[in-house]
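Just so it is clear, A, B, C, D, E and F label the chains in written order, and each chain counts residues from 1 on its own.
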């Protein structure tokens, strides 16, 4: 039996308050100081919203693959109505997020009208690229099917595989990155990161038939370039080796600093590939390997041997 | 103050449309071509739904552990009503998802009635195994308690530990995999993967008292076999070493290709164990180790030593 | 066209039931036995709720950073009203979760009133520390900006970076851990773990300007101590080396068993640092390295070299 | 301050249960007896759902008037996508409710397939009449504009006037009534009744340019017939005078028993018009009048005079 | 196309605030004065919640009629689980609302424990009466079927008829009124009033086989007594004639002041019956009639005739 | 048991489509013609939204009476934060609805900036009147308490009485009507009408201490004027007698056409008072009475006698 709970007015007698007034005042003071430090006081422009962008990605995905990801009651007669309606609502919302990023980086003297027009142009151009994105994703799905012995059909790959989720987010985000709204793109990438454990910077250039299996812990950096038919397993890093700093020790931002991975490369679980090096066409990078220099086409890189301490002088495995 | 926003009819004057008609047409063309390529035109059968299966798993979990995971206002007098009601609604919905998978793989000439009956049988058999699943999970919870010095009580383990979440999903999914609905099972596994970073293929056979600590990045393959009282840490892989291909270079699907891990084995963070090898009873596999051959019972495998370049004049990274 | 689906009363004729009565009875039997085993029969006290704590963390985050994380329509005039209102509703709910933990560990003869008063005191003390937490988080955001060449502004870091999400959860959870409600704290930590793949035990002591990049697979143990300006990359583990057991083989719970990481240390992706060792000030730990002994300040630890089997006739993987 | 509430396990000591087992048993007994009495045991077919039909009506209304009732962000370019998508989803759901009614009245030996086909035919025919319904509703809106001095524009009438809401429901429900699903139609009518206080039986035949002002308490019976340009005010009843019974005293169901109201009639607030009588073209029925006989065209019916008791010595109320 | 809307920070330049601080202060002043006037300062106890009670009524209705009002997927095997689970959750919540009313009227020195026990007792007694309420409602449904020529089956009456909705609310509310929580009861009655336009005070005593047709505008007062098989039409009032006042002109609250309506009475639309009078068994009260004195059994009361001014040269309205 | 339902792809074989393309085309044609007829083509400006205004009213009500209508967990310490936060969010949203009405009536050549400024001014002025509205509502609550013998406390009146709900809506809507946004005001009034059955045009001028009991069917017209301490019962109409038309027979809109009701008048259930007449101070209008001429102060108007036909030549009641 659920006993009625006593309303709080009748709680313990020594009630005092949470001192909300005091905490509110302290937090206000911190906010004010922080805004001044960044010289943004008077301009508390809001950022694009992660929540809104999550919905946008979901909607765009159903527009790209309505039979697989859209409503299960969708009938053939009405697929186009569904796609058109979904695009219209989604693109309108996307254009607002794009506008927010443009205004966020704008100077106070900028023309608002100009930014609004630019947000429309970016969104329209992005929309025109959606069919191309779908065509690329079909090659990725095919690659997953061919690369995983556990896959039974093309259809289930779209439903199950986190690698496909991550690449879908990436291919959408990458176009927005290219069109000049890197923050919107980055938030989209982080949405996939949170869901899949796969962290692909939207700046990375990735060709078709790309497959990431399992995927947790994969990191692909901003200036990475990936060829056709590349396959990565979980926890592979395509990272930067070191970050150049200026004379004051501050990071020099931008600049190519991540690997070029040529066509048909496979990198096994935990491989760490760092710096602006080139992994030659068709190379295989073994699991848990640490690579910081270019390797020629057709290389086969593996880890040093492990020891079996129990057997002491044993010859390893 | 929130200023009223101008409705869009009064926006910039050079408005043009998103060209939705054009994009809809291009996407339709791609869909048609894709359906033809897969010879599925005329059969846009929907897959089981990840969203629906997420709810099913949550509901089954509360039916298994109503006092810990069910409504907090649940009184002893009514636990059975709660469990019975939850099972009834959940099993009905599950049987629909099972039917979807059966129809998805069916040929067009198949009897629908037959599939509907089979969906009911599978679901009923699955339901009858729920008590056994709960009994197994209790051994897992006990193992977590005994294996983690930070654990204070059995109760908190169910509430907090991602390893327990992943194993709960696995034990439910594995029964469905065994009963002939591997896609439903796989989607359930991916739900856990997304939440916990632990990727257990529903085909894996896992005995009782199984504990995964931290868990992010763990991968356990389809044909893996795991004994009693095994303990894995984050980023351990029980994977396949290579994928056999037929004369055309296409993957040969199926076939035992993942490790057998015998009773009482411990594998530390980042250990990678690949291929149909056997890790002998009671072995300890050290962190970050790469193992591709069987090891006898009682082995203790560790990584080759790291170097401190600072101290021995190494060239750094 | 969506054809009307036939209601179930008209389904296949051989319908039988799911045998719900039987399953309910079996599960009841298991529950009873389990409660008796733990000597908790008669006390099915509910745990703090993960769902409720998820909302609490979100609300506290918007109270700390209302301009960045709060409603986008928030006007300067009303920020304080928003913060005050959010704190009031959130602290009230938090105090209930705190009370649940206190009652959960209490003996049956304890005074309820006493626990209720203590829950209020803990919550009030926690609330008073919120401004300090925000101040610390500002140093973390600054560190992220300085540590990542891809970061364009301080503002986007709060919106995008999973490392910041994880540290925000940690700094809130750690205060609750210190105030005597470790289970509430642990659940908060697991919420971040699920979202970011970063697993920080709420007991860990972490100084300011802390930055985790990418983050998936990072594990930081309960008794770890981290200095100023430390930077970790994905899959770094600060773990325990071995767990001492008593004469019966049971774990001895508690006790310092995780590393001390001094100021200005950097640990690259996949580094595994285990045991109560000290990583000296300013050291750099290379990727995929396994460290189980203390290293002096200024060390530079790297992995043994990998081999290119293709070039030296190796047998491949 | 919100004090934490004590969970129920710690409530008053004399807790006993609600005796749920006993109440459940008594209610089961009543259900069983009731089903037997109606000879429906074994056929607990569910009725069409009021909740579902509420959504259907809302959706159909936005499909008929997308610019006024649809999403406010709807752009001209995409209105057709919106309308087509809305129709598709709504008609599919409607066909299920239609099927439920058909099965509800069916005998147990009926062919299910036959009913499913009939549900589709009814829904398709209904769909084809939607444009005609919209055309009729436009005449009603125009009539409201012309009949109410407070109306400022055609557009606001659709947004505000309960009479228009009721007539929209009626015109949709009436077509379904005519197509053979009177229960679905009746539930739709009751939805309007609950919202507007206007109770129009779906069987009533109502011509164009119909206007009900204020409307609360209006009742229009099943066999009423209403001509062009009729105007009714609140609390007007077009009802049955008496109900004929058979030799056993049971009601004889069906049969014309409500008024015929010819073109251009106005009935003021509270007028009660009963029986199969005819109100001649252009008549005016005054407020609070009770009419049980036909009146010729052009009549002007008013109430007997009231008295001012204060002035003629009346005794008050 | 949906154009992106400009965020408010870039709105018109002469923005000023809403003066929220000022309005908040004025409203605080009014609240304080009002609390003092009612001598309730320091006791802002919350009332029972209309929203919560709305859910309670809906839940209790599905528990009483699970096949008609419960989930459409409910299978015979699990009806009892559904009913038991629904009762448990609903009674727990109801007992909290009951406690709120008890505390609201309590003096500050009252024992809280006492009230909590009483809330439990009231709720338990109420629960035990639910089967009796269902039995009574079945007679009401039968009466509706027999009284309305448009009714086709018993089942649709529960789904459609506002009179049944109102009587269901009343029969539940009346028991709570009798058990000493008139405010909870009154709020339940007002929920029905809002939905159906039928206003039955929970104090009214109503025997079985009661039927209200159409119902909008019906008012039944607190001390009304209604016999078996009574039938009312829309806008019937069973009200008080005058309210006695004490020597200071203040209303004397309580006291029988509404009609006694004996068995088998019918009152047609708009009849107004006022004061503690008796309408004798089997009487028929005509539409729009005003009755303020008792009438003997078998009476047939009708309105004075209306005039047709058109025909007798009347002056119109 | 819930049998899995067959997905629609496997439904009856003679499936054809709903002919959505055809219906969409017909509806488009109707829309186009309708827009042209109203010369609004190219200007499909959306109206203020009923749904949004429903939320606004609810929020403003909780800001006016936070202890009675706000969250039940609201603590004294934080009432002002709640009120301030609620006002800020609500006023911002309200200003958008106000802007929509201004743009809706604007000519195409109007300055948008001008309207935006005006929307802000109207909203700010409205906000400044909120304390006055609350003060008036307190007099209404007091009047309800004094006028209804069934009322037990001031507090329950706010929670239960539909008359208070209607008057709250009216007092808010009336200020917006006066400030030049009659459509927003009208929609607010219709929200109350739908909930309570009480239809008060927002133009009506109503003094303090106003009480409507029961209320269903009450209608108060646009130009009505109501004095202090007036009391109305259900179904009272304060309406227009006739609508003047111009030489073309079109209604002349605007102009005083509803009654003036002086202080201390009571009108009983069903009284119909029509035209620009004056009901003198302190008059009592009996139930069901039809009044179309002014009555002097202190009048007592009652209905003509009813007849008892059963008793034939009986003397009536």
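Operating definition for what follows: a contact is a pair of C-beta atoms (placed from the backbone, for glycine too) under 8 Å apart; a residue touches a chain by one contact, two chains touch by 3 or more.
Treat the numbers as computed from the prediction; the structure is a model and nothing was measured.
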| item | value |
| --- | --- |
| Labels of chains that are neighbours to subunit C and to subunit F | A, B, D, E |
| Copies subunit E and subunit D - interface residue numbers shared by over half, same or different | different |
| Rounded Å distance, subunit A centre to subunit D centre (Cα mean) | 52 |
| Whole-Å separation of chain centres (CA-atom averages), subunit A against subunit B | 22 |
| Averaged-CA centre spacing for the pair subunit E and subunit A, given as whole angstrom | 55 |
| Subunit D, residues touching no fewer than two other chains | 1-8, 11-12, 15-18, 20, 24, 44, 46, 72-73, 75, 77-78, 80-81, 84, 87-89, 91-92, 116, 120, 123, 197, 216-217, 235, 270, 286-288, 303-304, 317 |
| Subunit D contact footprint on subunit B (complex, rising order) | 7-8, 17-18, 20, 24, 72-73, 75, 77-78, 81 |
| Subunit F residues within the subunit B interface of the complex | 1-7, 9-10, 43-46, 88-89, 91-93, 95-96, 98-100, 103, 112, 116, 119-120, 123 |
| Subunit B to subunit E touching residues, read off their complex | 1-8, 11-12, 15-18, 71, 73-75, 77-78, 80-82, 84-85, 87-89, 92 |
| Subunit A to subunit B touching residues, read off their complex | 1-2, 63-64, 66-68, 72, 76, 79-80, 83-84, 87-88, 91-92, 113, 116-117, 120, 123-124, 127-128, 130-131, 134-135, 138, 146-156, 159-162, 195-197, 214, 216-217, 233-235, 241-242, 269-270, 274, 286-288, 292, 303-311, 317 |
| Touch list for subunit F against partner subunit D, complex | 8, 11-12, 14-16, 18-24, 26-31, 34-35, 38, 44, 46-50, 73, 75, 77, 104-105, 182-183, 186-187, 190, 193-194, 197, 199, 201, 203, 216-217, 219, 221-222, 235, 237, 239-240, 243, 250-255, 257, 268, 270, 272, 274, 283-284, 286-291, 295, 298-304 |
